[in-house]
Amino acid sequence: ERDKYENNNVAGVVTGLAWTRVGGDILFIESILSKGKGNLTVTGNLGKVMKESATIAMEFIKANADDLGINSEVFDKYNVHIHVPEGATPKDGPSAGVTMLTSLVSLFTQRKVKKSLAMTGEITLRGKVLPVGGIKEKILAAKRARIKEILLCEENRRDIEEIKPEYLKGLTFHYVTEMSDVIKLALTNQKVKNAKKL
Amino acid sequence: ERDKYENNNVAGVVTGLAWTRVGGDILFIESILSKGKGNLTVTGNLGKVMKESATIAMEFIKANADDLGINSEVFDKYNVHIHVPEGATPKDGPSAGVTMLTSLVSLFTQRKVKKSLAMTGEITLRGKVLPVGGIKEKILAAKRARIKEILLCEENRRDIEEIKPEYLKGLTFHYVTEMSDVIKLALTNQKVKNAKKL
Amino acid sequence: ERDKYENNNVAGVVTGLAWTRVGGDILFIESILSKGKGNLTVTGNLGKVMKESATIAMEFIKANADDLGINSEVFDKYNVHIHVPEGATPKDGPSAGVTMLTSLVSLFTQRKVKKSLAMTGEITLRGKVLPVGGIKEKILAAKRARIKEILLCEENRRDIEEIKPEYLKGLTFHYVTEMSDVIKLALTNQKVKNAKKL
Amino acid sequence: ERDKYENNNVAGVVTGLAWTRVGGDILFIESILSKGKGNLTVTGNLGKVMKESATIAMEFIKANADDLGINSEVFDKYNVHIHVPEGATPKDGPSAGVTMLTSLVSLFTQRKVKKSLAMTGEITLRGKVLPVGGIKEKILAAKRARIKEILLCEENRRDIEEIKPEYLKGLTFHYVTEMSDVIKLALTNQKVKNAKKL
Amino acid sequence: ERDKYENNNVAGVVTGLAWTRVGGDILFIESILSKGKGNLTVTGNLGKVMKESATIAMEFIKANADDLGINSEVFDKYNVHIHVPEGATPKDGPSAGVTMLTSLVSLFTQRKVKKSLAMTGEITLRGKVLPVGGIKEKILAAKRARIKEILLCEENRRDIEEIKPEYLKGLTFHYVTEMSDVIKLALTNQKVKNAKKL
Amino acid sequence: ERDKYENNNVAGVVTGLAWTRVGGDILFIESILSKGKGNLTVTGNLGKVMKESATIAMEFIKANADDLGINSEVFDKYNVHIHVPEGATPKDGPSAGVTMLTSLVSLFTQRKVKKSLAMTGEITLRGKVLPVGGIKEKILAAKRARIKEILLCEENRRDIEEIKPEYLKGLTFHYVTEMSDVIKLALTNQKVKNAKKL
């Protein structure tokens, strides 16, 4: 069953584009903080590579906390839990990297995510965004889910250019090469309602 | 062998609807506290996804303790054990999520669970309730077990509407989209007898 | 090879009824304490579900220490080891639950186990006793082993009623639904000789 | 290749009888102490059940230290390593239990092991010795290895009685039911040369 | 899809030559530091042998910190994360050893990596560089990726000599036998821009 | 590809004889120390039995530190890493035991290893050297690698006697039964250049 875009009211919830055994779909990355000692927990029936994406995102944030406007002390005082509904569907691959990283930056800064936006892309430890597969199926799923803007790796531009223009109506594409561009495009400067003080 | 609804005298015991290798059945989620350092143990011959539901429920409660009326200090002073009888039957899938979360809130608040109620639904980290499968078989099992009220995800309403009305006689349905609705509907404001002081 | 009932001189040794690859048999649950920090070790070539029974028994006791007449401080000062001879035979399933729980209560209270008694039944975290399978084979094994009294779940009564009465000669049956009944029936108020002071 | 009995000069080295993929053979259980915090390490290409025997032996000793003449404080100050040569041969089963327990008691008391003795038998946590299989092949291997005395479970007496007497010439058998008998028969009251002060 | 050489602006990013299921390719080794207690994390869908290379590189650096101009105190104050994009491609084998070690020395010294350089070779714990396979495919991939200089084990010289000279145009080869030669050749004496003070 | 004997300049590097999937070969055992808390790390694509040899060697040294002239305090202050190049070749079996033990004694005493020597043999926890297989193939590999002296278990003498004398020209054999003989024969009394002060 295919999901619909929801809202952007909560920190740490970001919409990704996935390619699972049921074809293209959107998925939500959810992350929360609880008081703790800096542990990272990942759930959602994820494979090894997708779990690694969560580790990479977390370590990237720790190593670049200053640039991201995050106080490093927070990392030792809270546990982070990243979850990807829906548990019945196994999920794997590196393409949720940008979504996970955006989710964590939203969580640690309590900044609101841009409305009606979805994204897909692998991240690297130095902050590059890499191209991923299944673009056509993901775009069709995004339309069905009422997504308006899509964030992709620059190297995936050619995959979009191969799709019939009529399928792309109503969609705006943002092509990026660096994770810093993702953050600028995906996070607003507005805090979420009832933002946590970290 | 199919189970019967029992009572609602004990904190932390909530009735779920399951779909196992023997078909639809009700199951009980039991949880208890013992003095400790905040460890979570899960038993009952559970698969990976069902164990993840327990983690999600626990983390959701930690992150939303204030809203749920739970004093956060309790989490470091007790170990939590969640068990799902019957050990001979392997169990998996995300559909016990709402039941586990309700069980834990009952446990930490010592509030009584509503009588003759059963539930099924996946939970997400931000408190959404997601639809699950096997609804028809679960409903028939609920009737056989003398359940009176059933709590489901709003998106499962159509699955109920496809069942012949005569099978639904004597059952009341509650459709929810948020975990906060589940708690309101499932937990009474009455403490259990001999409630623990936490 | 089939075992014979032995004696009830030692705390923590309780006779169970098992259904292994060699058919019905009795088995012994042995448990001991050694100075330590509260670790639980389980041996005896046991499968996952049978190991879970040990965890459930231990957690039940911790959560109900007062009712069972056990001083909670003991749990942090000793390690518990539960062993099920005979190592060459793989064993699994939930039916040793009541036996393990009885063994641990005998161990922590140093109370003597009732003579010539054997038992089989699953336990739940809230102290219910659940029915188990293989009853006929277990009863025949119990007779061969010179057991006199057998403790079973109330729901297993019908399994006994289906056995030819001549096979049941000399056996007394106790049907229970709660773990508290098991303890009352299985443990005497007499301490074992050279009882440990805990 | 079959082994020969060696000497009894070193604490912690005891001769067992084994039944491996090359047939009956003798094996040596070696154990040593090094300063540490009470860890137990087991090597020798052992399967799960044989590793459990080492755990059972160690826990039995901890729980019965006084009776065995061992000062309990030693358990926290040393690590114990049990090794079973020869690494190329996988070994499993419970029959090295008595040998491992004898090895550890010799190690902790620095008492010399009786000369030209070999043994085989399962141990239980309450100190019983249980019968084991492959007796005929083990006895023939013991003779080839110049063993003079053999220690067995009382219940294995019938297995010996089925062997042609001419094969048993020169062998003395000791049948036991309790681990305390094994210790009395297998360990001399003499300390090994250069005994460690523990 | 084949990668292109990027730049050498960041500490800890070094270009390797790999032989994966898609043939010869270049790969990037990325490493970063975050405040911590000396843990090493490795990601990138790596097999056992490639993970071992990371351990060997890290331990070599710890044992030779003085010679490498690294203050040993840094090892306890930071966590190190090594990542090898691209997560969708499983990678294994020892040939990234020299690249990982160079990446870590660049990271701990904040020295810039030589421009347009790629390397392949196994490392040993005493600092030798060993030959690796797939040289021809790796060289062709390096040319396509606009690499100018290649660093190889002396014992791989014969593999280069077997390649048609026209394929080698524009490439300079450096043959080494010791890890110290790799460091001299691969790292400049210039610090990276915004070098961390460790 | 077959290796050549290298030199004996570095502490902790000892030449072994191996029998891998490519036939007989020499291999190097390398070990290093880094400041730490007494952890042992083992790499080199090793199977379970070969990893156990490293544990046995380390524990033997800890238990016999005085006799080996090693100050026990060093064990808590350093981590030990044992590596066996070449990562692409899986290695297993107990025959590297003597080589690993010699490597560690060289490392902890900083004594030079005898020139042009190779060895093969299983070790036991009480310091015995046991015979191993594949002797003929190992000897031929040793000659090709320009080894001059070979250290073997006394029980492998017959394997050497079955090899045509012309293949043995230029090789000297040392047969041993105890690990103490190996140390005497394999380690010189000379410290390595730039010996570490431990």
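Things to note:
When the chains are written out, they are named A, B, C, D, E and F in that same order, and each has its own residue count from 1.
The criterion applied here is as follows: a residue touches a chain if its C-beta (ideal position, glycine included) is under 8 Å from a C-beta of that chain, and two chains touch if they have at least 3 such contacts.
Treat the numbers as computed from the prediction; the structure is a model and nothing was measured.
Between chain B and chain D, the least number of touch steps comes to 2.
Least-squares overlay of CA atoms from chain C onto chain E yields a rotation of 180° to the nearest 5.
In whole angstrom, the spacing between the mean C-alpha positions of chain B and chain C is 30.
The mean-CA centres of chain A and chain C are about 51 angstrom from one another, to the nearest whole unit. Contact of a single residue of chain C with at least two other chains is seen at no position.
If each chain is drawn as a node and touching chains are joined, the picture is one closed loop, every chain linked to exactly two others. In ring order, beginning at chain D and turning toward chain F, the chains are D, F, E, A, B, C. Residue ranges on chain A touching chain B, taken from their complex, read 1, 10, 12-13, 28, 30-35, 41, 43-45, 79, 81, 83, 85-88. For chain B in complex with chain A, the residues that touch the partner chain are 48-49, 52-53, 55-56, 59-60, 62-63, 72, 75, 93-94, 97, 122, 124-126, 128, 130-133.
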